[in-house]
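Both complexes below contain subunit A, partnered by subunit B and then by subunit C.
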Partner chain A sequence: MARTLTRLKKSPVKAAPSEVVSTPGTPKLDNPEFRPSSGGWLARGGVLAFVAVLVLWLGPVVLLGSEEWFALSLAAVYAIIGLSLNVLIGYTGTISLGHQAFVGIGAFASAYVVTELEQPFLIGVLVAALIGVAQAMLLGGLALRVTGLYFALITLSYGLFAQDTLFGIQSITGGGSGREAPLPTGPDNFAPYYFICLAFLAGVLFIDWRLMQTKGGRALLAIRENPRVASTFGINVRAYTVLGFGVAGLFAGVGGALLAHLNGFVDSTEFSFSLALVFVLMTVVGGLRNRTGIVIGSAFFALLDLLIRKIPGLDSRLENLDTTIPVVLLVVGLIVAVTGGLKKAWIRAGIGAAVALLAILLISPVEVPLIEPQIAGFPPLVPETFALVVGPVLLLATLVLYPGGIGQQIRPIQHWLAGNRLDLHVGGEADVQITDVRA
Partner chain B sequence: MSLLETNSLSIRFGGVQAASDVSVKIGEWEIVGIIGPNGAGKTTTFNMITGFYKPNIGRVRYRGEDITDLPVHKRAALGIGRTFQNVGLVKGATVRDNLITAQHLQASYGALPAMLGSPDAFASERTLKAQADDILEVLGLARLADTRVAGLPYGDLKRVEVATVLATDPDLLLLDEPTSGMGPEEAHAFGDTLLALRRDFGLTVLMIEHHVPLVVSVCDYVYCLNFGQILAEGLPQEVRNHPEVVRAYLGEDPDELENLV
Partner chain C sequence: MAFKGLLDPVKRRLGDRYGMTLGVLCGAVLTLVLFAIGQKEALVLGIIAGASYGLLGLGLVLVYKSSGVFNFAQGEFGTVAVFALYLATTNGVPYVFSVIIALIVAGLLGLLTERAVIRPLAGAPRVTLLVATAGVSLLCIGLEFWIAQPEPRQVAAALTRNDRVSIFGIFISDQRLLIFVAIAVIAAALAYFFSRTNLGLAVLAASQEPTATNLVGISVSRISTLVWVLAAVLGGVAGVLTAPLFGFTPAFLTSTALVPAFTAAVIGGFTSLPGAFLGGVIVGVVQAVASSLNLFDSVPGPQTASLFALLVLILLVRPQGLLGRS
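Here is the complex of A and B:
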């Protein structure tokens, strides 16, 4: 470590190296002249405290029922899964379209350990994590040989293979009848389980944070952009790619185990391709390489179902509705996107207004016949597949307008919270890379 | 003992003999140039020395040890650093982060403990960052530290690349066309930088360079490659005036060479 530095000390070219070194310990500020006032720090602390209260004390304050606790737990679990996928797509640059297999393997592993081997819940999660790591590392070894679209194809078939074959192994998964996975906090007692999920999410966030602050994360990012250059830095491309997959498998295994016990039951039909699609959508819409964005994006997709059912009357309205509106939105969106019209502010404003109007019509108590089109026998808009209808629209908007997803949109807030002056232009186009999958 | 020695390196891609019988020898503290027309096998030779290609025949020896079978990252760990013809940097990261990434082997912690929050990592990270800033300061690039590589002009990219490869703490530096995209003035200034770096960092340099005046002014020894073979070798002046070299570059008329240099 010290070799370069000692050489530098001898160097006559250099005046005083110690002066350029920034003082350790102080927060890194982009603009060193700006320091928030004490009121500014208080405001920042206030925002963080509000978020903490929202996440930790929301339940006790508004007295949630078990349905909401379930949804919140699901949001935490989805956030863990989103972070797992982020390691693959965001850090290693390999897209996984078979992430339901990663999650499902964790789910079945934990369910098997808890019900069949009669081990405690935490042992189940641990085993799920280990098996998750092992299967992901195996796949990671393959990613060294096959990249880009072909690798995506392999993950896709891996997911389908797992769903149809692996999860049908009678002795382990219970075959078609599935397997029990009891809630560790007692039947239907979701409130404490939410905090367990939250604790695991905190652990995952911590690992992810430390990974990206240290050489492992930098190695992954370097490999993602250019494995040849990375290897000349002394980075073992093979080992670090496998490490990246291992981390993704760890998160997915934990997420799967938590999901199994949250549902109380695992069976193979749960882990279909559409689940993998939702995982990819929530990660990309959340914003690759932005932890906060991914947590928000994942939570949104997890809570979508609850949101629909919580808005009075929306549930019954949706039953009368078909997919005309989303299809029209998507087609209009595509045309506008293709013609580059989305770059124009007034068109964006117009689309925004149309969506807002639609939303208001949907939730307003007044019956508006316009929003129940029933045109040409489009399939009905059932709440179960709502995520897969909303998802593509959001994905389109994300890729065209904000390649960095929600993460890009919240960048100014994050920047401000870190003790910088509020600058709405932080996280513009230049700060986001669109080329995410290594070809 | 020479620092690096290659022994009749030969490699064939399909029907093309990209290099045959390339034997070069680089002593410690030397600056050795490789010149030659396009497609002469210069970068191929680099790739065999750094481990991207495995020669069909021939061995690479570094400090007397046979490294022919070592992978690229292990050769980097031995102190072989290289730059790329088309700029080898992590474009999405800032200049400083590139230098910190390049110090991969100097981090005094394991990647796994660091992930789990090992306190060693925090201290080591501060050292790496300070060292990156020092190197940028030495090369006069401190103003670019927080700039993203993606937006930099080509000349700056080349300079940042040299800073980055220095951050890997090399003993032997392989530079692939370091002055491409620079004008004669800048190329000359780069020659001075190179001499200063050799003096201050104790570097040995092997460089592919098209800029003949630069080669003549800084190199101790020059190899000229053509069609994958060594056409001529010797002191820079000798190689420049070597009739075979003149013919390889310019055809038959030596007067034109005078205009060129």
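Here is the complex of A and C:
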């Protein structure tokens, strides 16, 4: 009986025209009868295959250096960590400002198991995951008593506590000198390790997807909306909140272990508060509750350093201008593109003007004077530290202009790939709020 | 719980002063214990450090009281002011004018934050606003690192004499005393502002019933601007007064004092201005004792550990803080 009811709900019921009109803001109902033609399916398959080639095969062809392999592996690890934070902020609606503790605990656990207990790499990851779950569940117990802003404060303080106290315990973490965490694929051999990280990322994505398709995921979303209402519907608020934390801890533990072995060693200075903020940045900019968006956002932040270091010196003419200026211009362009600013005409015009100016500078016979930006009393500006400015600007632009982040930008593409008509207006702001009433 | 109702008659008798009494009692017991175990120096050091936390905490309380936001940018308002002070003094501007310039810069930063970030997010969930203020803070930190590099710098103090006052053999510099004076003056002025002036009452009204406040002819958005500028100037005062003590680096207030200041505000009850000072002193003393006692010898980072324990304890036992109202 229940089954027929759900079937009935899913069957194409024609909505009365007035109903459609009465909900402005939501995209028009897709025609459920719509099926892409075989050419359409081919195009969709082609796009997916292109992405797969980009991720799996393009590396060996274009990016051969170990530096690039390292950065790619880091992107996969960051994506796992971003998905972990997404479980907390996106699904359970509790913000964590101390996620460096989650990740760091996994990193130290795996490093300890592999170097001190001399176990294989996979055992290290497993132990890291279990310890990650345990510590996250303990913190989750606290989240049952203290909620909202005050809990954010607790996580912040917890992160600092982990950084100073937990990671300073000599016998486990090696104190100030840190601990070795050998790369399982041999020293500096990052290429196979990238595929190991990708495999773990695929596993995490699968768990996340299954979680949100089942009762547990729906319970988490209900609790995020309103814990009291959820409990009147028979949802065990305590159990599911702790479950949410457990899943976040699992992902973060795995991510931490992979990060430790990627870096080759772990020490406590690595897991500072600023790292936690980078994690929050990439998750929010990626777009909460949108797995693809978060993977893209996290990869962007992981590759940002590489991008900024590789781009200066595009052209000998440009070197004459201080490298800071092209980097700043390029990054501003990236920010505008990522946050969807391209939809505004005046921003497009501004970019056009900047590009034209740059082109004139490049082809004109006039000698470009050396410009070294500097503020009196301070050293000259260098592009290396500019990465620190990019993230926050992206975050603020995301929050203020496009609360759905990258996830909102790519919604139409996802929608199309799933077999619908291309509709550029899919992905309203209603389903991308950062968090709701729990504060 | 057999003891659950034990204190009820006392609570009823004391009413609003219950929290205050509790705080004073705890303080007295703590002081006695510290004297008994020979840690009176820690008491003095803690109170000194706590004053800086309290000063930063005042700005946090001001923003929370009037807009319900945890302002993670408060530390950066101070640090940016210190950078402005440093730039002005190294370029030959007299000290007094440099301080004024620094406070104006802080105020402008507050104005900018309100216009560019807080106002577009009006009506957004409070956690979103929290992330947004953290974003402002990060942006300031990024710019500071980009412009100034992470090396430590020194900035001149308003008062330079160091040996005027000493308690238990610990000299307290005049700059430290100035912090106490500033905190007393600011707390008194803000308390007067919120309880006795029309504008202060309007600020409270705007935080509690924004729509109704607009309806009676008070501009809520102007009040929001006022509050953020005021908070930023307070942050600037905190930065300018504390930077000369240890020198400064980019993000020095955020990394050293923001979490203690938040804890101080939580202990004080987050709506109480004297509470921020009281909380600051408690945090300072607990940290000083934790780092001077041998009890924590086996545990690294006693200051952050004690801070975390204190925060969790307060939020579990008395979430409304000592001087706050539930």
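Throughout what follows, the second predicted complex is superposed on the first by the 329 of 439 C-alpha atoms of A that agree within 3 Å, B and C clash if a C-alpha of one lies under 4 Å from a C-alpha of the other, contacts with A are read in each partner's own complex, and residues count from 1 in each chain.
The rule is simple: a contact is a pair of C-beta atoms (placed from the backbone, for glycine too) under 8 Å apart; a residue touches a chain by one contact, two chains touch by 3 or more.
Source: prediction; values computed, not measured.
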Practice task
Considering only touches as defined above, state whether A:Leu243 meets subunit B (first), subunit C (second), both or neither.
Solution key: first
Practice task
Determine, under the contact definition given at the top, whether A:Ile207 touches first (subunit B), second (subunit C), both, or neither.
Solution key: first
Exercise for the section: Answer with first, second, both or neither: which of subunit B and subunit C does A:Leu399 touch in the superposed model? Expected result: second
Exercise for the section: Applying the touch criterion given at the start, work out whether A:Leu388 contacts subunit B, subunit C, both or neither, answering first, second, both or neither. Expected result: second
Exercise for the section: Using the superposition on chain A described above, determine whether A:Glu225 touches subunit B (first), subunit C (second), both, or neither. Expected result: first
Fill in the blank from the handout: Dual-contact residues of subunit A, meaning touching subunit B and subunit C, are 433
Fill in the blank from the handout: Touching subunit C in the complex, subunit A uses residues 93, 95, 97, 142, 145-146, 148-150, 152-154, 156-158, 160-161, 163-165, 168-170, 175, 273-274, 277, 280-281, 284, 375-379, 381-382, 385-386, 388-393, 395-396, 399-400, 403, 433-439
Fill in the blank from the handout: Per the touch rule, the subunit C residues reaching subunit A in their complex are 70, 86-87, 90-91, 116-117, 120-121, 124-128, 130-132, 134-136, 138-139, 141-143, 145-149, 255, 259, 262-263, 266, 299-305, 307-308, 311-312, 315-316, 319
Exercise for the section: Provide the residue numbers of subunit A that touch subunit B in the complex, in ascending order. Expected result: 1, 3-5, 7-8, 10-14, 17, 20-22, 24, 30, 206-207, 210-211, 213-216, 218-219, 221-222, 225-226, 228-237, 240, 243, 247, 430-431, 433
Problem - In the complex, subunit B residues that touch subunit A - result: 50-52, 71-73, 76-77, 81-82, 84, 88-93, 97, 100-102, 104-109, 111-112, 114-117, 121, 124-127, 129-131, 133-135, 137-138, 142, 146, 148, 150-151, 165-169, 196, 200-202
